[in-house]
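Order as written gives the chain letters A, B, C and D; numbering starts at 1 within each chain.
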Amino acid sequence: MMIKVGVIGSAGYTGGELLRLLVHHPDVKIDYVHSKSQEGKSIISVHSDLIGDTDIKFTGDFNKTVDVVFLCVGHGEAKAFLAEHSFDKNTKIIDLSQDYRLKVNGNAPTYQGVPFVYGLPELNKDEISKAQYIANPGCFATAIQLALLPLAKAGILNKVYTTGITGSTGAGQSLQSSSHFSWRANNIQAYKTLTHQHIAEVVQSLQQELGGEKQPKINFIPWRGDFTRGIFVSQQLESDLSLEELTNMYEVYYKEHPFTIVSKSPIHLKQVVNTNKCAIQIEKVGNEVAIHSAIDNLLKGASGQALQNMNIMFGLDERTGLQLKASNF
Amino acid sequence: MMIKVGVIGSAGYTGGELLRLLVHHPDVKIDYVHSKSQEGKSIISVHSDLIGDTDIKFTGDFNKTVDVVFLCVGHGEAKAFLAEHSFDKNTKIIDLSQDYRLKVNGNAPTYQGVPFVYGLPELNKDEISKAQYIANPGCFATAIQLALLPLAKAGILNKVYTTGITGSTGAGQSLQSSSHFSWRANNIQAYKTLTHQHIAEVVQSLQQELGGEKQPKINFIPWRGDFTRGIFVSQQLESDLSLEELTNMYEVYYKEHPFTIVSKSPIHLKQVVNTNKCAIQIEKVGNEVAIHSAIDNLLKGASGQALQNMNIMFGLDERTGLQLKASNF
Amino acid sequence: MMIKVGVIGSAGYTGGELLRLLVHHPDVKIDYVHSKSQEGKSIISVHSDLIGDTDIKFTGDFNKTVDVVFLCVGHGEAKAFLAEHSFDKNTKIIDLSQDYRLKVNGNAPTYQGVPFVYGLPELNKDEISKAQYIANPGCFATAIQLALLPLAKAGILNKVYTTGITGSTGAGQSLQSSSHFSWRANNIQAYKTLTHQHIAEVVQSLQQELGGEKQPKINFIPWRGDFTRGIFVSQQLESDLSLEELTNMYEVYYKEHPFTIVSKSPIHLKQVVNTNKCAIQIEKVGNEVAIHSAIDNLLKGASGQALQNMNIMFGLDERTGLQLKASNF
Amino acid sequence: MMIKVGVIGSAGYTGGELLRLLVHHPDVKIDYVHSKSQEGKSIISVHSDLIGDTDIKFTGDFNKTVDVVFLCVGHGEAKAFLAEHSFDKNTKIIDLSQDYRLKVNGNAPTYQGVPFVYGLPELNKDEISKAQYIANPGCFATAIQLALLPLAKAGILNKVYTTGITGSTGAGQSLQSSSHFSWRANNIQAYKTLTHQHIAEVVQSLQQELGGEKQPKINFIPWRGDFTRGIFVSQQLESDLSLEELTNMYEVYYKEHPFTIVSKSPIHLKQVVNTNKCAIQIEKVGNEVAIHSAIDNLLKGASGQALQNMNIMFGLDERTGLQLKASNF
């Protein structure tokens, strides 16, 4: 039986990337592709690479009784959208915005009385499999926490110094001076130094694994990179454990998680670009530990992970429709 | 039943790209991955993006009785390889080099007495479906001829002025000064001006459609582009036909060919990068016609088309394993 | 004695590039830097690379009695600006827009009754040295005509097939979907096929050299390139002259022009990026001639050539302030 | 009077960049351009962007009595070269390799009994002005220490977490898999994690300012970036000083140093690319300080700084020949 899917906000980057996955997913029937701004137009007029794959059109209406709806709207807009529209109780919702990620006083945000589960399969697979509503993690948040969760689980996480670099698609398709090709090509810039909004959800996840009152500190400097897709993160912390112990701890933690892979060789960003993978590598000199991680910000960092969550929610193999050819070059 | 596949020369770019496709092909079992230079190593040590997908190792030996073998070796090396090794009569061979593409005195080159078929499905699908041996087309040759074949079929092709630009993977992975990042980044250069070796196979295909003695003239200037994947070609010629007549002629010609798509909107390279598609667009001002075409040089221009040929040879839907998510960004 | 300079429209790309040159020009004193949109702000707030070089501020007013004023405004805006403002009769004007480039019925456009001279030093150096007003050539126009003028001079120019590629700065700093980094990175697209507005000024210059009624035909397809600076053009035509005769003809034509250089080795774009040079190379196979040319679109294609014109108008060595270190990498 | 200059190892990246500067330096006469590998060839055959600027040829011999010789050879090769050749006692030497940067037991390395001075003008301008031999700093070392020296001077430097990204020219022109365009384009990778050789010279400089026995700890993770020119570094440390106090401390420290500029606005890499500048910006949240710095690795990080040292050694304004137009885009 095919899963009937609706996509809200489908003219943006994460919406488009989700459509690229959905058109080839063997268990999915796209019910509607909603966009206020593009209503009536062919989706090819916006996502031109889908030429020859589909001739669906954007709709202004949408069906509230599909099996699952993906919210690919901007931050703040998901909450506003759900405040305005009542979906059927049986319709699952996967929200790619940050609106429902953070607990308030220890309680997950709810919709129609039902809580949102934070949709990081490596952390919450069981809860996701039973969830009605998913808050899909942020891109930087995914790359940073996947590199730290095993340490949190082992209770040995304290202060972390983190630098990450992101492709231009992380900033969405709005036209800004920092998204202008002439500016961004061959350029690097720090932004939101020590104040990036994703750290809150990283800390929340780490605390879930740390247990109790422990409050890890993540000092994060994000950089704008001169590429379109991907996130690469290097983090530093101190530990007495040996490199072998650390690597082993990570391998055990991610044993049942096919997309998160611990590499003993040096990783590089393009290993994972255009895939749903997260590659992790650990290095150690003296007591100083460096942990590198890499994801595709639009896939494992957004639409790929959203689809992985859908697969888990509907009892499918989580890899369905996500065994993607890396572009590699 | 699974198709048993062997790959010769699997440490190079086209070999790697083929492996990326084969590991996810539902009807394929990879029998061996041959590389003299990398024998005994994991294929991940070379094609690092396959981490988590497979743990196959390169072999120095190979099995001569697989269902199909792909030759991903350099130009000249395929012929030398087949001269040295006798494959089983039932083993199909798909050669990605240029060694068997050109007829000599009107006769296709042979191996063990059986002729090679030129593996452009849009031109020779029936012959491919019955072929034992395939000469897979060149990358520039694919992009150029797909943009001209309908005109040849209509008998109206004469002199063509062609400029094309190719990504760095078109030149293979050998280290050359023109493949150095410091040189190639943000750079453009013409090379092999009016002497590119692919024109011979383009002319051969055009003559097949033109029939008789007509000798089309293709004046081709290739450029090195500052990107890794893809080929974009613009060609100029004169015609009395209207834009509508031309576009319609192309749509009819490619009606049964799912990967070659005639676009009425402006095309761009990234529409097809990381897919097996060829996008074509025609423009006309006065009597002057411009035809743009775009492919991914490693897919429709090499390994993707090779797999498309395998699908046709084994009676599968030609799209099997080739419905790829475009990277688009 | 220092030349007092004013710049109108100095917040844009060509204005900024001109300021980068002017701050180091030994014979120039910048009198004002005009920008309606940025009035009162430091020019560093827009042209951040000038940090440490100057602390000039944008003004909303301007002085009509400077020695020379550069108009770095958009197409159409130069004419509107001059219609509204009367500069002193002794103030020279160099207009970087296309507003005054084309003759009407054989007559150059005028301002306050004085004609504009088309500011291509390789074509009109004498006229420029005596001119009051200069219409600075377009970027593609510069690269295309410098590659054809010697043929026109020899009277042997007929039909030309031209493909050119331009960096993103050629489209200015306005935010458009085709200037978004996510779109343009690693991408190629044709635009304004056979209809580019610069061809008119190319034909005008070629006719000036051809003399009489000859009407050369330039079939030009421009491409958007995935780099920021530079133009590379390849042109095809037929000729009976030998490569040696052609190369010699070009060397003679450009003997007195230090920035236009005929290369016998293959040229590439980065040879000239961040310089005021134009590199030209000729190749020949049979009767078919290919001529490649490369410039930096913001320098020889805009602000550098404008300054070269200023130097000539004020009797300076035309290279003054223009002996720039190529970035090369 | 013109300074007679010789360049050893002039076919490499730093040699080429130095030549680009020397050909336009008003007080320099290039005496010879030495390269064993390219002897007899025109320098344009290697540094093709110098076309039209010079027709010097590489020589295999060299003159030991020039005023100054630049050693642009690889690490280890400078020491070997000077062991083999005796330059005149009056010939100044500027070595761009790392061979003479580090003191041994507190003593600077010597040549012919005369010590090398570490050529960072912001740290040692007086010593440089009197020096016979200069050890020119490393590229990463320059960017890292310029961002930390004021803190060391104030005696408040302890442990620093540093991430830096470098362009491909930092790795030289040798062909390696990580310098292949197909690999490096759109890619990011960490390398030499916590073990980069430049940290030793950074620590040596910081100790010079800290005085006494203090041993600062720099935890440095370098990344390979997907651009050709430039280094961007972000460093984290703790401090009780306010942002204003810190910024003021830096401005005071660099008051007499025209190339090192403290910015109160966000800096970005292309602000300094193709210039000899170092841009520094400080940010602070709570007690956590982030310091960003950016240089061009071939200029302030190598050949530009070498020429700045020459200017100081010969009593010229240190900016002579170094007031370069930023490429900016």
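By our rule, a contact is a pair of C-beta atoms (placed from the backbone, for glycine too) under 8 Å apart; a residue touches a chain by one contact, two chains touch by 3 or more.
Given the structure is predicted, the values throughout are model-derived calculations rather than measurements.
Enquirer: Would you mind telling me which chain pair, B-C or A-C, is linked by more contacting C-beta pairs?
Expert: B-C
Enquirer: Where centres are the averaged C-alpha coordinates, which chain has the largest centre distance to chain B?
Expert: Centroid comparison gives D as the farthest chain from chain B.
Enquirer: What is the distance in Å between the mean C-alpha positions of chain C and chain D?
Expert: Distance between chain centres: 35 Å.
Enquirer: Any idea how many Å lie between the Cα centroids of chain B and chain C?
Expert: 40
Enquirer: Centroid of chain A to centroid of chain C, CA atoms only: how many Å?
Expert: Result: the chain centres lie 46 Å from each other.
Enquirer: Multi-chain contacts in chain C: which residues touch at least two other chains?
Expert: In chain C, residues 13, 167-169, 182-183, 185-186, 226-229, 267-268, 270, 273, 329 touch at least two other chains, as defined above.
Enquirer: Any idea which chain D residues touch chain A in the complex?
Expert: Interface residues on the chain D side: 161, 163, 165, 182-183, 185-191, 193-195, 219, 221, 223, 225-230, 232, 234, 236, 266-270, 273, 283, 285-286, 288, 290, 292, 294, 329.
Enquirer: Can you tell me which positions in chain D touch chain C when the two form their complex?
Expert: Its residues touching chain C are 13, 16-17, 20-21, 24, 44-45, 47-53, 167-169, 185-186, 228-229, 258-259, 261, 263, 265, 267-268, 270-275, 277, 279, 298, 323-329.
Enquirer: Would you mind writing out the residues of chain C in touch with chain A in their complex?
Expert: The contact residues of chain C facing chain A are 13, 167-169, 173, 175-177, 179-186, 226-228.
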